[in-house]
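What follows is chain A paired twice: with chain B in the first complex and chain C in the second.
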Partner chain A sequence: MSSRAEDRVFARAPECAFREIDGEAFIVSPKTGEAHLLNPTGSFIWSKLDGAATAGMIAEALAGEFDVGAETALADVSEFLDELGGLELVAEIGQEFNDVSY
Partner chain B sequence: MGESEERGGGALEAAFEKAKRAGLTLSAHFELTRRCNLRCRHCYVCGGDERREMSTEQVFRALDVLADSGTLFVTFTGGEPLVRRDFFEIAERAAEKNFAVRIFTNGTLIDEAAADRIAALNPLEVGISVYGATAETHDGITMSPGSFEKSVAAARALLGRGVTVTVKSVIMKPNFGEYGALIDMAVEMGAKYVFDATVFPRDDGGREPLELRLDDDMLWETLRDDRLTGRKPGKPAPDVCRGPVCDLSTATAGISPEGDIFPCLQLRKRVGNINEIGRLGDVRDAWMDIISGLTRETENEKRYNCEYKKYCARCPGLAELEDGSATGPSQWACRAARLRAKAKME
Partner chain C sequence: MGIYVFEMGGLRVAATAASEGMPERFGCLLVESVCGGAVSVGGNVMPGKDGLRAGRDESVGGAAADFLLDIVFEDVVEGGGFRARATGANCFEFGMRGVFCEIDLDGGRGLLRVVRDESAVEYSMKLLFGAMLGIRGGGLMHAAALARDGKGRIFCGPPGAGKSTLAGIASGGREAGAARTLNDELAVVVADKGNGGARVYALPEWADGGTMRDAGAAGPSGVAVAAVYVLCQAGAGEATAFERLTGAEAAGAVFSNMRFALPAPEAIRAGMEAADVLRRSVAVSRMRFSLADAPRFWEVVDEFESGR
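For the complex of A and B:
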């Protein structure tokens, strides 16, 4: 697995239920029983998690959409995806197969 | 930037508020059938004609409409939803469409294989109806020998597969003496529990179930039981008043086996049919007219604005079925409100 931040690929946890409400992603995890309402930037990132886009590609799209620098966007995307990983809402492709919970 | 804005119960409440403002229906209770394999003495559901139920394809299309309308939570209920031969096709389609799926069932049709299929759906919750801590009491209410054993086995099978299970019960005269033991049993199994003492007339107007309602002394006892009220030691009980029409809004919906859309399954005021629309927004105006009309008429109802108002948890559907008007007084709500006020004063 690549260790470069921009090459990391994440996928939504398959059990998560989600909808967009008025432009914001609302996610429910049956596994943890928790609900999460993401803000607009978080929702934008969530919408890009198709299991193929790299963090770098998502950061580039984010920079275009929200007028932030490429470096800042990548740092923010990486931090956010790690946070979602901690909440068991996403898994990093290449790692999830070692995790029996997915 | 980007981090979770809200988590847990706060996120749920925030999402429902957003949905209300945006006119979205976040949650739907989908009555897949009125048929049932049990004959519960208190059940309000009547009839059950398979020929009038939506076909599998129609239910699939209804799920498409709900998904396109922004609905996230879908609760499959009945009758007994698992009597439908296509239940798993429907539930699996709902999971594929990223719904948060809840199933309300009596559990008697859930064997080990069915438990596997349910667990694979990753449901948010499976609510299993249990009406006593013993087979004698439960089976006496369901009128179905052996049902207690099957329901409890289903709960254990699902819990063993990591599914969140809620033991759901109605506290009535025949099981009043066992509700404490039933709470203990649910906790011991690792299940949640939701108990209610509200018994509805049958939806054809039949009043036989009302004879099972708790008397005042029994109801008084349940209203003072912290395990039922959710009251924490040293804290007041949570407020019960949810306004003149409870929390009716377009954020929640009831869908009948025929596809009729209601503001709630307890309030059978039809706003349209899901087979005839593209999105729930298509019937929003009719829907809002019903809710705003009920709200206005109830607020203007002199007897609603009584001294017990803040203890009143009136259900417009129950008021209509039992007392003849969705906006008038509800004898059950009035009785419970008076006892809640008394409990508060103690």
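For the complex of A and C:
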């Protein structure tokens, strides 16, 4: 696993359910059934989580879409993905998801 | 063999159960605690205005059911912890302590193996109805439902949000008019795909004396929903305030107040779609309710809904 923030790669939790409505998404935790609302920025980042894109690539796309600086974008992406990781909605590639069986 | 017909949200489940395995109060418990509109076509019980009475309801006898459920009572059912999984398109199995159930929602058939326990049967039936409603753009909402002037209002929220308090205020004040509480805890809400909007159905509970509270208050066709309110209490000194919710926020709020959904990804996605259908069918708003406005509850609601 790389220690560089821009090289980290995240994937959505395989059982995670999400629905996008008018550019915003709400996603449901597979473990708790709890719904989480994503704002347009969060929804944009979520849409880029294909299991291959690095945080740096997503931040670059975010900077182009929302007119923010590259450094700020990377910080926002990292913070957001860490937050989602805490909710077990995403996991960093190379790290195993915790048990999300039903 | 007993045959029971249970109705909820315009859906009808015919359940068969072997008489010898039936709990003594089987028919009554389902009528009482699962879906108050239930009737028996097997001749055991059916609801009357003042409680259960024996007899046969010819008005529903022979009517087609949306789902046929075979119930088998067993002494021990290894259902494990609460879980569910899809076994095919709109096919699920779910289990919990004392319960194992397989349902084919499209085929309209299912098998429930359950111990002779009232709570286990009740919970299983609610899960079944929740799943049936989910694929039709509806569900069981944790909400107080009120009908007034032919229109339903849904007030949903977590425990402590004030649903029961509000229901008491809204149906008890002098200016309440014809407002009636359909239920102060659980509301059956379904999108009306034919006519647009959504409809709410009564889910009566039984008072201690054995009489059904507002039995059939919404009628067999339900009541058109005018609005859904996500309820929370206003802070001290704050007036009642409303905030219209749209898009994902509205759908998420509706979904968060759905109950008795199967914990399987496919069922969760169906519930999210149902929440999206409902928020597109009816206005969803957040309501911070102040008890200081209790005397003029409907006036405050009418002001908001009319845009004043």
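Here is the rule we use: the second predicted complex is superposed on the first by the 96 of 102 C-alpha atoms of A that agree within 3 Å, B and C clash if a C-alpha of one lies under 4 Å from a C-alpha of the other, contacts with A are read in each partner's own complex, and residues count from 1 in each chain.
We adopt the following convention: a contact is a pair of C-beta atoms (placed from the backbone, for glycine too) under 8 Å apart; a residue touches a chain by one contact, two chains touch by 3 or more.
In this text the structure is predicted, and so the values were computed from the model without any measurement.
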Clash or fit, chain B versus chain C on superposed chain A: clash
First, second, both or neither for A:I58, with chain B first and chain C second: neither
Which superposed partner A:T41 touches (first chain B, second chain C, both, neither): first
Which superposed partner A:D76 touches (first chain B, second chain C, both, neither): first
Contacts of A:A17 with chain B and chain C, given as first, second, both or neither: both
Partner chain(s) touched by A:V90 [first = chain B, second = chain C, both, neither]: neither
First (chain B), second (chain C), both or neither touched by A:L49: neither
On chain A, positions contacted by chain B and by chain C: 15-22, 24, 26, 28, 30, 33-38
Of all residues in chain A, those that touch chain B in their complex: 14-22, 24, 26, 28, 30-31, 33-39, 41-42, 45, 66, 68, 76-77, 79-80, 83-84, 87
Chain A partner contacts - residues on chain B that touch it in the complex: 1-9, 11-12, 14-15, 18-19, 21-22, 24, 26, 67, 70-73, 98-101, 122-124, 164
Residues of chain C defined as touching chain A within the complex: 83-85, 246-249, 251-252, 255-256, 261, 263-265, 268-269, 272-273, 276
List of chain A residues in touch with chain C within their complex: 15-26, 28, 30, 33-38, 43, 102
